[in-house]
Amino acid sequence: MDIPLALAWIREIAAAVEREQARLTELDSAIGDGDHGSNLSRGFTAVLPALDALAPASVGAVLTKVGTTLISRVGGASGPLYGSAFRAMGKELPGERATTAELGEALAAGLAALRELGGAAPGDKTIVDAWAPAVAAFTAAADHPGADHPAADLPAAAKAAADAAAHGAEATTALQARKGRASYLGPRSIGHQDPGATSTALVFQALATVTA
Amino acid sequence: MKKLINSPDTVLTDALAGFAAAHPELTVDLGQRVISRRARPAAPKVAVVSGGGSGHEPLHGGFVGPGMLDAACPGEVFTSPVPDQVLAAAQVAHSGAGVLLVVKNYTGDVLNFRLAAELAEEEGIEVRTVLVDDDVAVQDSTFTAGRRGTGATVVVEKAVGALAERSAPLAEVAALGERVNAASRSFAIALTAATVPAAGKPGFDLPDDEIEVGVGIHGEPGRRRERLRPARELAAEVVDTVLADHELAAGDEVIALVNGLGGTPLIELYVVYGEVAARLAERGITIARNLVGNYVTSLDMAGFSLTLTKADPHLLDLWDAPVATPALRWS
Amino acid sequence: MKKLINSPDTVLTDALAGFAAAHPELTVDLGQRVISRRARPAAPKVAVVSGGGSGHEPLHGGFVGPGMLDAACPGEVFTSPVPDQVLAAAQVAHSGAGVLLVVKNYTGDVLNFRLAAELAEEEGIEVRTVLVDDDVAVQDSTFTAGRRGTGATVVVEKAVGALAERSAPLAEVAALGERVNAASRSFAIALTAATVPAAGKPGFDLPDDEIEVGVGIHGEPGRRRERLRPARELAAEVVDTVLADHELAAGDEVIALVNGLGGTPLIELYVVYGEVAARLAERGITIARNLVGNYVTSLDMAGFSLTLTKADPHLLDLWDAPVATPALRWS
Amino acid sequence: MDIPLALAWIREIAAAVEREQARLTELDSAIGDGDHGSNLSRGFTAVLPALDALAPASVGAVLTKVGTTLISRVGGASGPLYGSAFRAMGKELPGERATTAELGEALAAGLAALRELGGAAPGDKTIVDAWAPAVAAFTAAADHPGADHPAADLPAAAKAAADAAAHGAEATTALQARKGRASYLGPRSIGHQDPGATSTALVFQALATVTA
């Protein structure tokens, strides 16, 4: 991944968030407080000009900027969580380009950061339930000879990650929430897809889209 | 959606502008979204700062003033403020004796205030945080997000605000806040759902004869639905639910808050208060002080919450201490 | 009908019982339905007594206390109190300096208070009456019932209450009340209709995108219907309508009350207040004092009313005078 | 009219008010504040025991008791208005029985009292618009030789009054209110029948019923 691709990825996430904003809010109304869509929309609407103003020297600079912007604009649970994840990814990618393997490690670092901050484990019906399988699928697909060559099957890894994230998000429907607002519903949280896991699926689908 | 607003995305900005116009005794930073007292303290005192999502008015901005909060930072509707905003509130309120953050226990609030506290500490501001988690509708457990913070926030903020005015040190003020929170329990019943402006429709649909029991103040649905019943029965159920989770014994005194959720008229809240008082009397519990009205609301949601805080002479003394804020004032 | 009540016919009794429990500093005669101050005045003073139909809480009971009313007599929901009840209120409040009755101009209130005044006079109690008629939605004419009394009641009761505390004679207090009423105008917009418990359904049906303009506080429909529009436009229309009927000139000062009708949350009232203040500023009128909140409600009706009272130094001095009632308190 | 007949009249009014309570409130919701039915119901529910406790020495004693009870129990506009009307009628009938002519004068005195108190004229869309034509019709029917004999065609006079009252009440639909709460509606008050005129029609229909 190089800097232009990183920028394209983020812009695609922003576009996807706009497209899916209503649905995200709808999901959050069912088991949360009905603002996940507007929260992310507010965040990425601020991210775009922030990136335009930026002359990034590295892939990481792009992702770090996304993280800090989300943290200082979103609020709610998703702001610090996504923000910390992108900041952590940014730290991992100091170069002008990143190999697919390096990107995989960055995605893993992002997962570690949001797990550390939010304390959620897989199965708690959160962002983690989409992000964790996505990272696993990405690394599995990326992990083979040739991966050290920058563009090496990034498309394949991204596609695998996107499918895994989407799958993980859908799988949250069956779960009872143990973290976040949905946990207040106890058993009533079962049967609804988690908004945050759903937006995470958008993040990975965006990566697949721009790398395809 | 029927609301007196200009547009869903300007609700907070517009409401803050109106709040600023209505309360010249307060400073409202419309850019940072921070409400603070215009008058700086004569001597350094612990700065009490709170904030959270908007839509719970008068919480928190309505409690800024002598005897209560030094500053408040309102987030978007039902969305916690961002760290920068909390930091700005802490900075403007800080007078050299440290800052106490009163935070309602929601993941978003906890995370954003935690990041803000780190930033403040980096700037050399001593920060302590009191988490308010009084809602017994939510089971408390380390494996979950824990209980929500609701009505007890008012009691905690009044108490710590009064103690801070007496220039108690930060550790002492924080310890009091934790004690008052630990002595408080709440439970809420909704007759209708709140409509988040950005969502444009009620958070949940409730048939004409049903209520949400154990509802949250963010339009989160409750733990179950029931038939609407007479106020006497609802009040009894709420009192019993709160007491079941409260170490209150006959002979104890409490501060009782019968709180409207935003769309319920005062005449109904008084009906409820009468039933609550009667039920508590049956259980041998005395209401030493009370509040009846809209204090921790959920936009236009109809319904009420009950908060009971075990009272002791020290707490009552702090409760009775002078307060002069938009929403709470006595001398 | 979704209400926190026990039954439509016990609403008032139950609410009064709750009010009595919540406010030990007041005496509530549940039989006569009279709310009065527990502490008798040291020296004889003019007793300020008001009342009217219930459903407008905190009006009137919430304004009983030092600095404002001496007694209030709440009638059934939206129904004026009966003469015996008004007489009982006058008797308990009378301390030897006469009684001022503050009456909102509705046929029922006027007739019942008139009969009560006759009875009181027969008992040798000197009585004067101030009629409040501030609602510009209603054309004033001797051939009609005249303008309705709404939000200005709060301003009149605060002013005469303060003057009475200064032991001014009855004639002077009555004259002030008439002056303040004459200097006040109000106008209201409703987003929803109120549901009278006994009726069981809203007084009128309003489509999801329509509002009632010039609505009354008894669920009387307004003079016309309009599309719901942004708060800025509604506030401007209300300000202009009030000013059109008000002898206010650029440079004048006013007391402004942005009053919620019961079902509208505070965040929306602040949005409206901001727009009202902006519009008045355009017209060169200064808001010297303001109130934003639910003061003269109409059960669960969503909407707001604006009251503008031309202010002068004497009125502002009386407005700022200490008051200690359930709904209004400052010192 | 003798004392038992007077008592029967009032009891019939009370019964009619109970029957029609919902309709009266409905009418009052359209152009008033939706309480006329409950107001009168509260009043006559108090009247019945008051009459049971009474050992009336005259027809007037019955009607006066009705008036004072309505005044002290109803509130609203209709309480003082109906109360004063019945009190005024009571004053006119000091005897154990009243001739039809005397009753006619009493009904006229009631009209005078409520017009005096309320200041409404015919055409203002109020109680007056039913009561006035009823009095006129009653007197016309009663006013002829034989009317001084107690029971003389009281039935005919009562029937004529009831029809006139009902007719007057219906005719209020076309009127724009100039008095009472409905006057706030201005032109919008046109097209709705006045609740008070409607309850007055019940009062006269009750008289016709018990005398028939």
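Chains: A, B, C and D, in written order; residue numbering restarts at 1 for each.
Note that in this section contacts are C-beta pairs under 8 Å (C-beta built on N, C-alpha and C of every residue); 3 or more make two chains touch, one makes a residue touch a chain.
Only a predicted model underlies this, so the values are computations on that prediction, with no experimental measurement involved.
Colleague: Between subunit C and subunit D, what distance separates the C-alpha centroids? Give it in angstrom.
Modeller: That pair's centroid distance is 33 Å.
Colleague: With chain centres defined as C-alpha means, what is the inter-centre distance between subunit A and subunit C in Å?
Modeller: Those two chain centres are 55 Å apart.
Colleague: Take the average of all CA coordinates in subunit A, do the same for subunit D, and state the distance between these two points in whole angstrom.
Modeller: That pair's centroid distance is 77 Å.
Colleague: So how do the chains connect up here, line, ring, star, complete, or something else (other)?
Modeller: The chain contacts form an open line.
Colleague: Among all the chains shown, which pairs meet the touch rule set out at the top?
Modeller: A-B, B-C, C-D
Colleague: Going by the contact rule set out above, which residues of subunit D touch subunit C in the complex?
Modeller: 25, 29-35, 37-39, 42, 71-81, 117-118, 178-181, 183-186, 188
Colleague: Which residues of subunit C touch subunit D in their complex?
Modeller: Within the complex, subunit C contacts subunit D at residues 53, 75-85, 106-108, 111-112, 114-115, 137-139, 143-145, 148, 196, 198-199, 203-204, 216, 218-221, 223-224.
Colleague: Hey, which residues of subunit C end up touching subunit B in the complex?
Modeller: Residues 2-7, 11, 14-22, 54-55, 57-58, 62, 191-192, 208, 211, 228, 230-232, 234, 262-275, 277-278, 287, 290, 292, 294, 297, 299-300, 302-304, 324, 329-331 of subunit C touch subunit B in their complex.
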